[in-house]
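I have placed the structure first, in the form of C-alpha cells, so that the comments after it can refer back to it.
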Amino acid sequence: MNTPNRLLLTIVCEAVLEPLLEAELPPLGVTGYTITDARGLGTHGRRSGAWRKEGNIRVDILCDPALAERVAEHLRREYEAHYGLLIFSSPVEVHSA
Amino acid sequence: MNTPNRLLLTIVCEAVLEPLLEAELPPLGVTGYTITDARGLGTHGRRSGAWRKEGNIRVDILCDPALAERVAEHLRREYEAHYGLLIFSSPVEVHSA
Amino acid sequence: MNTPNRLLLTIVCEAVLEPLLEAELPPLGVTGYTITDARGLGTHGRRSGAWRKEGNIRVDILCDPALAERVAEHLRREYEAHYGLLIFSSPVEVHSA
Amino acid sequence: MSFEPVVLFFLLGVAAGLARSDLKIPSSIYDALSIFLLLAIGLKGGVKLAEHADGGMLLDGAFIVLAGALIPLIAFPLLRWAGRLNRADSASIAAHYGSVSVVTFSVGVTFLAQEAQAYEGHMIVFLVLLEIPALVIGVLLARHGQGTVKWGKLLHEVFFGKSIFLLVGGLVIGYLAGPQGIQPLDKLFFDLFKGVLALFLLEMGLVAAGRGADLLARGPFLIGFAMVMPLISGFIGVLTAWALDLTLGGALLLATLYASASYIAAPAAMRIAVPEANPGLSIGAALGVTFPFNLFVGIPVYYWMAQTLYRFGA
Amino acid sequence: MSFEPVVLFFLLGVAAGLARSDLKIPSSIYDALSIFLLLAIGLKGGVKLAEHADGGMLLDGAFIVLAGALIPLIAFPLLRWAGRLNRADSASIAAHYGSVSVVTFSVGVTFLAQEAQAYEGHMIVFLVLLEIPALVIGVLLARHGQGTVKWGKLLHEVFFGKSIFLLVGGLVIGYLAGPQGIQPLDKLFFDLFKGVLALFLLEMGLVAAGRGADLLARGPFLIGFAMVMPLISGFIGVLTAWALDLTLGGALLLATLYASASYIAAPAAMRIAVPEANPGLSIGAALGVTFPFNLFVGIPVYYWMAQTLYRFGA
Amino acid sequence: MSFEPVVLFFLLGVAAGLARSDLKIPSSIYDALSIFLLLAIGLKGGVKLAEHADGGMLLDGAFIVLAGALIPLIAFPLLRWAGRLNRADSASIAAHYGSVSVVTFSVGVTFLAQEAQAYEGHMIVFLVLLEIPALVIGVLLARHGQGTVKWGKLLHEVFFGKSIFLLVGGLVIGYLAGPQGIQPLDKLFFDLFKGVLALFLLEMGLVAAGRGADLLARGPFLIGFAMVMPLISGFIGVLTAWALDLTLGGALLLATLYASASYIAAPAAMRIAVPEANPGLSIGAALGVTFPFNLFVGIPVYYWMAQTLYRFGA
C-alpha cells in the first residue's frame, strides 16, 4: 500500500500563472495537483495578496522523481527569468491507493 | 527539544468531509491539526473551489507513525471508495515545545 | 542547481502575529517566506478562522539549518508561552535557482 | 423573455466560461450571494404568511408534497432502465429532480412580475416543504435492500444544511416580524433582490459552462433526460395547481418548482448520504442543462400549459 | 423588543451554531460587514457633528470618559478577588468591559427608532472616545508593578487598529463632506445599514453559540459577572447622562455604551498587549453572555432606568 | 473638489496604509467591488446607447482611438531616452498610460455631477475601445525587432480578461434590456454605485500608499513622468473632444480617459505578454502617482483646459 520513492514537488509562483500551469502541467504527465492561495516575500519583493492576481499560489504535485525534474525544468525554462518562482521537493510516503 | 520520529500526515480531500473529519479525528487520538482551503486536479476530475463545498481541503496532522497509520487506515476504509482523497506523510523535526 | 542541505521550516500560529513576524523575520536573516491562511485544533483549542484575526496562518520558510534554528528559537522565546504555536521542519531539495 | 436582463447575466457567465475568461466570482462572494437569496426568499414568504395564513394552506401543502413525490418515483425508473445508470446514480439524480431550485423559482417570480400576474405569496412555504421528501426518497431508492443509511447525518444535513435552514429561518423571522417589522430591512433584502439574483446567475453561468461540457462527453441520454423530465414535472405541477384551484401565477410557480432541479441543497445532502453516486452526473444535468432549459424554454412553456389548461379546464 | 427582526437574526445564528448547521459566514464577508458598519456609524456621527458641533460637547466628552473609566476600575477587583482570576485575565476582561461594542450601540439606536425617541447625534463621538482609555487602563492593571509594556505596539493597535481607525475616519469624512456631500452615499451606508446589521448579528449568533458553550464549562462566576457588570455600568451611564442633562434617548445610548463589552477592538489589542491573558474568557463573556444579555434584557432595563430617573430626578 | 467624499475615502486608505493600520479589504471583496463597478459602468453605457445610438458615433470612435494611440507613442520615447529605462519597461509603462482607468473615469463622472455638467452617455463605449489598442502597441514596442509575441495569449487576455469582458458584457446587456428592462436592477447597480466607488477608493488608497513608497525609492524621473504625462494626454483629450464637437462634459471625460493610466486590465495583460518588464514600476507610477494626481489635480485642470479652449476656440 505504501509507495516509496515518491516526491512532493512544491511550486510557489505568481497567481497570474495559474491558468498557464493548468494548461501546461497535464501534457508534461502530471495527473494531479493541489493548489492553495498564498502570499509572501522573496527576491521579487513583497506579494501581499491584497488582490487576487497580485498574490501567489502554491502548487503541490505528488509524482515520481523523473516527472518532478521534468516539471521543474519546464518551469525554470519558461518562467524563472521573469516571474517570482520557488520550486522544491521532498520525499513522501503515500498512504492512499 | 527536538522530537525525532514524528510524521507530518497530509490529507487532501473534498471540503464536504471537513465536519466529518473534525468529529472523527479526535476519537482516533488526534490532538491537533491544521486545515487550509485548496483546489486541485485528480482522478475525480477538476475541483475548482468555485464554491466552498466544491473545493478541497488540506489537513496536516503532526503525529507519530502509529497514529498516522491509524488515521490513514480509517480514511481509506471510510472515504477512499467514494470521495476524492489523497494521503501522504513525511518525517519532520519538531521545534516547538 | 540542486542545493542540498536546505530545510523547509513551517510555523503555524495565530493570525494576529502576522504583522509581528513580517517585521521580525527579515532582521533574523530570513529573505523569503510564504504565508497561507489556515484554521485548526491544538492545545489552545479550536481556531475556526471564522473571522480573520481568529484564524491561524501557516508560514513556510526555505532556509539553512542554522537560520531555521535561529528563527525557531526566537519564536519560542517570544511567543510560545502565550500564543498558539507549532514549529517543525523537514529537509527539502531546491529546484529553482 | 429573451431580453430579461437577469437571464442575460446567465448568458454572460456562460460566455465567460466557454471563452475561458479569467472572470471568477470568489467563493466567499458566491456564499454571500446565496445566503442573501435564501434569506430574502424566506423573509418574503414569511411576510406573506403573516399577512394571510389559513388552515386551507396546510391541506394544500400536503397535497403538493404528495404530488411532488411522484417526480423522483418517475425519474428513477427512467434513469435506471431507460438510461442504464446504476442504482446510486439513478437515485441521486432522481433526488435532485424531486428537490427544487430556489434560483429557478426566483426567475419564475421575475417572469410573473413582467407578465403582471399575481400569485399566492405562500408558494415559498411549499418550496421549503418540497425540498425535503425528495431527498429522503432518493436515499431510500439508493439503499433499497442493501447497505445501511446514515439517517442521522442525512436528516441533519437536510434540516440544518444551509439552504433549508436559511429558508426556514427567514420564513420564521418574516412571520414573527411581519410587514411592519421587516420594513427597515426592505432596502437590503427586497430592493436589491433582483440585482443580486443577476449576479448569482452570472456565477451560475460560469459554472454551468463547465458542467455542460462535462455532460456532453457523457452521451446524449442524460442530456435528453434533463430536458424531458422538467416538462413532465412541470405538467404535473400545472395539473396539481389546477386541482387545488391556485391562481394562474401560482400554477406557473408550482410547475417551475416541480420542474426545477436542486443544485445547492441536494448535491450536499447526496454527497453525504449516497457517496457512491457520481456528483458530476447529477450536478451536470441539473445545472448544465435543466437550469438553462427552464430559464429559456421551460418557464414560458409551463406558462402556456397553465394558460391553456386554465382556459379549457375552467 | 422581542420581535425586532435584527434580534431574531441573532437568534437564528445561535440556533444554527447550536444545531451545528453548516451555515457559515465566510471570514471575508464578516470583515466586509464589519468595515461597512464601522464606516457607516462613523459617517453618521460625522454628519451629525457637522450639523451642530459646539464647545459644550468637549466638556461633556471629558466627563463621559472620566465616568467611563470607573468601569474597568470596578470590574478588575471584582474579577480578581471575587472571581479569583489571575491578574492578566482580570485586567484583560476589565478592558473588554470598559471598552464598547459598536453593534450593541447600533441595536440601541434601532431600539430608539422603534420607540420614536430622539438622541444626541454626537453620541458616536463619545463612542470613539470611550474605546481608548479602557484599553490603556487594562494594560496598566495587567502590568502594575511587573514586566514591561510594549506601549508602542499597544497604542498603534489602539489608534490604527481597524475599529477605531474606521470610526474616526468615517467621522472625519462625514464631518468634512457634511450632509449634502454624503447624500449620494446614503443609499449604501444609511439605507442598507439595518439590513447589514441583521446579517452581522446572524454571524454574531453563530460565534456566540460556540463561545457561550466554552464559557459554561468555566464555572458560573464569569457568567454571573457578564450579566451583573453591564447592569452596574448601565446604571453609571444613566446617572452620567442625567448629570450632563442629555436627552432620554442619549441616556439610553450612553448606558448601552457603558454596559456593552467590546469584541472587535479589545480582543485584538489585548492579544498584543497582554498575551498571557486567555482570550477565551474575555471573548466568551463579552460575546457569549453580555452581548445577548444586552440585546434582550439590558437595553429595555436601561431604558426603564433612564425613564424612572428622568421622571423622579427632574 | 477637496471635500468630495469619495476622494476622502482614498485619502483615508492612504492614511491607513502609511500608518500601517491593520485595516485590510479582503481580496475577495476587492474582486467583488471591481466586478460590480465594471458591470455597473457597462450597464449604464449600454442603457445610454440604447437611448440614442447613431452612425456618427462610429466615426467619432475611430478618431478617438487614433488620437489615443498617440499617447503610448509619446510615452515610449520619453521613458526610453529621457528616462533611460529599458525597452520592456518603457513599453509596458507606455501601455499602462495608453490604456485607461475605469475608476478615474468614474470620479470624472462624479465631478461632472457636482458641476451639473451634461456629457455624452456613449463616452463609456469609447472607454472600452480605448483599452485595447494601447495594449497592442505596448507589446509591439516591447517586441520590435526581437523575440516572438504570444499574440494568442495576449489577445485572449485583452478581450476575455475580466475588465474588458465585464465592461462589454454590461454594455451589451444594458443595450439589449434598455432603460425599462434594467430598471429593476437600478437599486443595486446605479443607486449604490457611488458608495461602492468610495469603498473601492478606500482600497485603492491602501494599495497606493505602498506603491508610492516603492516608487520614491526609484528616483524622481518616473514620479515626474507620472505627473507630466497625464497633463500631455489630458490636453490631447481636450483638443480631440473640441475637434469632434463634444460637449464640455464630454471633453472633460475624454481628457480624463486619455490622462488616466490603467491598473486593472493593463497589469494583467502586460504580465503575460511582456513578462520581463518590472510590474512594480508601471503599477507604482499608475496607481501610486498618476491616480491620485488625476483625482486631486488632473481632473480640475482638464476641466479648466476644456473651459478655456471651448471659450476661445468657439
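Letters A, B, C, D, E and F name the chains as they come in the text, with residue numbers starting at 1 for each one.
Criterion: a residue touches a chain if its C-beta (ideal position, glycine included) is under 8 Å from a C-beta of that chain, and two chains touch if they have at least 3 such contacts.
Since the structure is predicted, the reported quantities are computational estimates derived from the model, not experimental observations.
A.B. asks: Of all the other chains, whose mean CA position lies farthest from subunit E?
C.D. replies: So the farthest one, by centre of C-alpha atoms, is A.
A.B. asks: Give the chain pair, either E-F or B-D, that is connected by more C-beta contacts.
C.D. replies: E-F
A.B. asks: List the interface residue numbers of subunit D and of subunit F, divide the shared ones by all numbers used, and answer same when the ratio is over half, different when under half.
C.D. replies: Since fewer than half of the residue numbers are used by both chains, the interface counts as different.
A.B. asks: Measuring centre to centre with CA averages, how many angstrom lie between subunit B and subunit C?
C.D. replies: 20
A.B. asks: Where the CA atoms of subunit A average out and where those of subunit F average out, how many Å apart are those spots?
C.D. replies: So the centre of subunit A lies 34 Å away from the centre of subunit F.
A.B. asks: When you check subunit C against every other chain, which residues touch at least two of them?
C.D. replies: 36-37, 52, 90
A.B. asks: Which positions in subunit E touch two or more other chains at once?
C.D. replies: Within subunit E, residues 20, 22, 24-29, 31, 192, 268 contact more than one other chain.
A.B. asks: Can you check the complex and tell me which residues of subunit F touch subunit A?
C.D. replies: Those in contact with subunit A are residues 24-25, 27-28, 30-31, 203, 206-207, 210, 214, 267-268, 271-272, 275-276, 280.
A.B. asks: Note which residues of subunit A are touching subunit F in the complex, please.
C.D. replies: It comes out as residues 14, 16, 45, 48-53, 55, 79, 81-83.
A.B. asks: Flag every residue of subunit F that touches subunit E in the complex, lowest number first.
C.D. replies: Its residues touching subunit E are 3-5, 8-9, 12, 15-16, 19-29, 110, 113, 191-192, 194-196, 198-199.
A.B. asks: Could you list, by residue number, the parts of subunit C that touch subunit A in their complex?
C.D. replies: Within the complex, subunit C contacts subunit A at residues 6, 8, 22, 26, 30-37, 62, 90-97.
A.B. asks: For subunit C, which residues are in contact with subunit B within the complex?
C.D. replies: 9-10, 12, 36-43, 56, 58, 68-69, 72, 75-76, 80, 85-90
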